[in-house]
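Sending over a structure as structure tokens; questions will come in a sec.
Letters A, B, C and D mark the chains as written, and numbering starts fresh at 1 in each.
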Amino acid sequence: VSDPIWKKGAISLDEAVQTFCAADDVVIDRAFFLADIAASKAHADGLVRIGVLSEGEGQVIGEALGALGQRFTEGTFELDARYEDGQSAIESVLIDELGDVGRKIHTGRSRNDQVLVAVRLWLRDRLDDARAHTLAAAEALLLRARATERVPMPGYTHLQPAMPTSLGAWHAGHAEGLLDSAQALGAARELVNANPLGSGSGFGVNLALDRDGVARDLEMARSVVVAQTAQTSRGKLELFCLQALHLATLDVRRLAWDLSLFQMSELAFVRLPDAYTTGSSLMPNKRNPDVVELLRALPAVVEGALAETQAILNLPSSYHRDLQGTKAPLVRAFSRALQGIMLVPRLVEACGWNEERMAAAITPDMHATDRALELVKEGVPFRDAYVRAAKEIPALGARTPAQSLQARVSLGGAANLGLDRLEARLRALR
Amino acid sequence: VSDPIWKKGAISLDEAVQTFCAADDVVIDRAFFLADIAASKAHADGLVRIGVLSEGEGQVIGEALGALGQRFTEGTFELDARYEDGQSAIESVLIDELGDVGRKIHTGRSRNDQVLVAVRLWLRDRLDDARAHTLAAAEALLLRARATERVPMPGYTHLQPAMPTSLGAWHAGHAEGLLDSAQALGAARELVNANPLGSGSGFGVNLALDRDGVARDLEMARSVVVAQTAQTSRGKLELFCLQALHLATLDVRRLAWDLSLFQMSELAFVRLPDAYTTGSSLMPNKRNPDVVELLRALPAVVEGALAETQAILNLPSSYHRDLQGTKAPLVRAFSRALQGIMLVPRLVEACGWNEERMAAAITPDMHATDRALELVKEGVPFRDAYVRAAKEIPALGARTPAQSLQARVSLGGAANLGLDRLEARLRALR
Amino acid sequence: VSDPIWKKGAISLDEAVQTFCAADDVVIDRAFFLADIAASKAHADGLVRIGVLSEGEGQVIGEALGALGQRFTEGTFELDARYEDGQSAIESVLIDELGDVGRKIHTGRSRNDQVLVAVRLWLRDRLDDARAHTLAAAEALLLRARATERVPMPGYTHLQPAMPTSLGAWHAGHAEGLLDSAQALGAARELVNANPLGSGSGFGVNLALDRDGVARDLEMARSVVVAQTAQTSRGKLELFCLQALHLATLDVRRLAWDLSLFQMSELAFVRLPDAYTTGSSLMPNKRNPDVVELLRALPAVVEGALAETQAILNLPSSYHRDLQGTKAPLVRAFSRALQGIMLVPRLVEACGWNEERMAAAITPDMHATDRALELVKEGVPFRDAYVRAAKEIPALGARTPAQSLQARVSLGGAANLGLDRLEARLRALR
Amino acid sequence: VSDPIWKKGAISLDEAVQTFCAADDVVIDRAFFLADIAASKAHADGLVRIGVLSEGEGQVIGEALGALGQRFTEGTFELDARYEDGQSAIESVLIDELGDVGRKIHTGRSRNDQVLVAVRLWLRDRLDDARAHTLAAAEALLLRARATERVPMPGYTHLQPAMPTSLGAWHAGHAEGLLDSAQALGAARELVNANPLGSGSGFGVNLALDRDGVARDLEMARSVVVAQTAQTSRGKLELFCLQALHLATLDVRRLAWDLSLFQMSELAFVRLPDAYTTGSSLMPNKRNPDVVELLRALPAVVEGALAETQAILNLPSSYHRDLQGTKAPLVRAFSRALQGIMLVPRLVEACGWNEERMAAAITPDMHATDRALELVKEGVPFRDAYVRAAKEIPALGARTPAQSLQARVSLGGAANLGLDRLEARLRALR
């Protein structure tokens, strides 16, 4: 392991200081390591194109980087506290292996440069993952919506019985929310997918770096133009990506809240599969919906990450070490959120719905709104119809939920769920 | 003023309860009132198309709504505590003026329906405002960037002298950040611009509402399909819009921080116009950069609004009164942020830069990176070049900032700021 | 209205800038105005004691301040945009009324000084209010706990039936949480109750101000010693006070959540009084628990205020105009939270509990834990007892809730609620 | 390793579900493990006192727990994914080692009980640590304040030159802020130091647990009385403790911000020791104040933890699995904050101040406030004195900083820093 490049003399860094500075930075960098290697490869290829590296040098560096990535993936190279951070590790390995050629890799870039590009590449992948899982959840819900379109279910507002609805509408409603979130994740990806590499320390360098070429090699849609912007985007982009992710976790929370409520023994609309529940260590009679509750808590990690990132950014332009703190919450939030979102499709498929319980919970008063609007169709002004319908509630007991649902013909109502439209949007978002 | 439609009997609502429930809800609704009127008009037109209202009824309702909007704008109609909220006010006015015809306006919609569509229409406008102001700020900065492309300026990282840069790069860097934020604001607009009207209470209604027609009349790109989604999008969309707005305020804060720093008497790179400073009530010698400091605080209101909105959303699906609390922070954050962002163009134009002070602050050591990379071009491996350049610092005093800037030829460096590209992106985002 | 003291020349402040700077600062200052007047009086008295004002000058200033407070309270003096802020208003009125004597009031203090002391005085009162309301809520709950000690109620964890408990335990449990919060509010008060006046602009002044005497006059327990600390406590103290307030709103939210759940028609454990519910504009059949839902949202305003204040404080020492932004969220959060907390005692008293429904909801399996622990008392290791009890559930149907409660003899269990202890703590916290 | 106690049959928990549920819960529990062991010992002793365990059983359990703690501390027992969580691990080890006797340890307690008491014990220690480090930082600052009482330093507001102050005032000012925070940490400790053990699942148990005796053994000041409160305090107490910790990190941030600013080469008031700086990987000329910048970022982790915890708590009473998520942010925030706060004493001692640079930065205009107040002492009304002093600025060049400081005689001014008083408060807070 070579010394940090900036370590000039015999200064012994005090241990507590070093612990504090390092934090678990190098461990967090494991998340970004493969992205850093890929970007280092693209950087080296760019240096070849402008003649700073020879073709041969580019080749051996490329091979060494490839091998390092391989060993890291296989677990034979461990990124740990021997290295100051992931960025230094790459240079250190290349120097150890390639000597003077390795000493050339850091030409025209800073460690911040490396972090910026690696974080963007990693984020692009995580946003793609998040979008894929979000769309998979939407797809599972839409499939269930098709299958349950005619299953009556009591609709609540304020946790109070409101109107009959259908299990299909419930499934489709959650699906459409996820489509919105997938769109937001896509918008975040677009913002992220620009190459910051080549910004140096935020002021560019006196080399004719082929920045657009590097962007192309990394399959990025454009270059971040100004060197300063590449640096000051740090944290800001992360916030936008976290917010898009947050939307998806909010969808999951709504779904989880509903299930948590619907599985109460007093409602018993749904039975969660045993694999999604656990017991109590004290009470022999319990089966607890732990998975659903942990899914309900999913937004918390993202909100924590948002707050932690926000707290750092009150700074003048360009790099300050404070910004190191933006990495940990980002990794933590995406890892946890993805772990949760990916469970949704199978959870949705595994729920056992009790149609009798749901039908029985639809009480006569819940038909009052239907009745009021029928009176409207007969010419009664709505406000008068509203009063009359309230009085007629006792007479509404003969109505069936099915009748109510059949009449819900506006787009998005139980009789007209617009599933085709949602499926088309799902396909377009893929 | 008519009674609230749901007020059935002689229940006297206790005053403290009423104060607590009303909060300043009706005052906040002033922000959304014109949007609510516009959506009410579209709703009425839709009811005409499906035969619930006659052409004549639709016409008088439309005229009454138009007149109400006019009076509200002129200040002759005050939306105040006589009404429970803005939504009720519209119905109440129509009933007072049109009698039975007025009693028909609320057919097939709920107050939540009204809030949902009005908030989306209002947000669409505010996002457009935010984008316009953000792009105006970017444009002002790009203009200054053109004019100051060759003005040397010391570049800092960690608040320490780093490398020479140019005032043009500084301006362009801030401009590009704002372009990113404008793109995010556009993405938020896309998500918002869908019609929720017709969701009833989240379960649709037994009328064949022409929801897509209403969407068209409101110039919305699509309908929110599922009735439940229209309701559960509440708060979630607001968060995404607030986050996009947040990005723009973060840009403004960075700019303000830089100015706050650069105007310190020890640096004196910039003099803020007197109109942007104030004095001290105790110290006769002070001129304080208050505007810049208040701009630096701009993200705070948005972060407060994000947290306030987040705190409400941990709820099962469909409407709960808790959600009323999403309106106030939204209005507060957009109002304040817009007030601030719109000041940026003139602030940027009015700054007086001191080129001598900036040039003088570029010390010989700041050329060391240039020197290291020159050695690289001569074939020295970067790491060795780095060590040699550090030793040569005393000899770098003869270099001029201009030389340094001219050599910064990579895209986004001082000699190649890519202003054409930024201007093209600015135009595309308009 | 006199000009701002720092306005030296003919600079015309641009209107948009002025709007942005003023925000609604002067309106917010209404909250602090009486505290500012009281502190101004104490400051003037202090100036008399050190000979800067004559006895006679102190007297006329005191009288003018008293009259101003009176007029403000009566509504004949309006603090509005004629004044830059509340602090300037006081000086301006004194100058208009007393001429040269009025010109002396600002001796040895800055506007920040005024803000600091006024905010602390105001906060002290609000913390006292919050504590009083919190303790009143605890008291109402303890009274109900006494009355309902023997009323069985199903106990839930994970929203699943767990064990029998009592309505008394539920009431007492909420009461004790509020006692904790009252203690936190008291701790915040202790931190706040120190006199910052006399710090000048954070560096003291060349007068022998009688700071401890002013503290005594304002009934503050001590002086903030160092001038710089007085300034840098800005925002930090606010956060601690907001957090103490937050705890109380969290208690209210838990209570509200329980009521929201218990009033579901499927449970129907509690009926909220009509004065605490409202109807729907669309659905004739609804009575919605709006008050309880708005109480559930109470922490949101406080969390928003915490975030907004946090966002401002990332600054070097001493005053920056950014800090103006700490006032609005503070006032907003305390006003709203107090409005809500004060409703709790009457809400608690007005709830109509349905003892039959609660008793009926206690199913045989909920006695399994009791049974397991009985086996333990017979010598069976708990883990084995747990397994046996699970098998014996069908046989537990003969047990009554009353039996179960009587055996809950540990401190804090249903048969030993420790109400005396809680009442004693309540008295001690007053 | 024994099976989880609640695992009744052959249900195979799906792996992704298990990963999601476990998260790194068992790893986080390492923080609480020794506290859990100590509380388990106290619980066993309590069971002995009420006859549920024999003296002999209590003894072997106590010994086995002691040995487990020892092995854990030495590293020969690893708390890892073999166990569901730390709580289960203790029971599992006891059963493996003691058979039937081990099966008795969980009598009358739930895992939540264990978590509650372990978290409170752990928090009590961490709050003590935080208070000790905070007071150590204050002490170091007060020592430096004594030594630098007469060293002039320019005072800034709005980052603009304001008035002369002293380096002693700067040190003392930061010290006093830390004393406030130590007081807040003490208040949090008082709230935390109450025994929740014996609450069962929030409803007590049918055993006569000696809860006050257990409290005494754990050196806790009182018992949490109501079983329900013990459970619903979860998260709420954590927030209050985090907020107290937050205050201390805000103090550190202010200090770090000042140092970051004062070490700018344009000011050069302070030189940070080399051990507290690092270099750049690209720029050979840099020494960056990384430690100070990371200290400036210290509040971020705490703000993240506050937000993450807040996001979870919007729940009805009693336990839900969501609450598991309160542990990780708590451990993260305290660990990081303590790592940082403990560096402050040595940082403060190691700073090299440049008295010449500071003296030279005190410009004539900074004496204007002194001059105005001198005129006041001669009888000129302050407002007129202010105007005259502004005009006299050119004549103030002859004044020395020392003169200015000597006249700052109010408590907390440079000539009267009140260090005795601060030292006394420091001692009282220990």
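Assume a residue touches a chain if its C-beta (ideal position, glycine included) is under 8 Å from a C-beta of that chain, and two chains touch if they have at least 3 such contacts.
Source: prediction; values computed, not measured.
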Farthest chain relative to chain A (centres taken as mean CA coordinates): C
Approximate Å spacing (C-alpha centroids) for the pair chain A, chain B: 23
Between chain D and chain B, distance of the C-alpha-averaged centres to the nearest whole Å: 36
Approximate Å spacing (C-alpha centroids) for the pair chain B, chain C: 31
Shared interface positions of chain C, touching two or more other chains: 5, 8, 91, 106, 157-159, 162-163, 200-201, 260-261, 280, 282-283, 286, 288-290, 293, 296, 299, 303, 306-307, 310-311, 314-315, 320-321, 369, 386, 390
Chain contact topology (line, ring, star, complete or other): complete
Touching residues on chain A, where the partner in the complex is chain B: 5, 8, 52, 91, 95, 100-108, 155-159, 162-165, 169-170, 172-177, 180, 183-184, 187, 190-191, 198-209, 211-212, 223-230, 232-233, 236-237, 239-240, 243-244, 246-247, 250-251, 253-254, 257-258, 260-261, 296, 299, 303, 306-307, 310, 313-321, 369-370, 373-374, 376-377, 381-384, 386, 390, 404, 407-414, 416-418, 421-422
Complex contacts: residues of chain A adjacent to chain C: 157-163, 260-261, 263-267, 280, 282-290, 293, 307, 310-311, 314-315, 361, 363, 365-366, 368-369, 371-372, 386-387, 389-390, 393
Sites on chain C touched by chain B in the complex: 4-8, 11-14, 16-17, 19-21, 23, 87-88, 91, 106, 109-111, 113, 200-201, 274-276, 278-283, 286, 288-291, 293-294, 296-297, 299-301, 303-312, 320-322, 324-325, 329, 336, 339-340, 342-343, 346
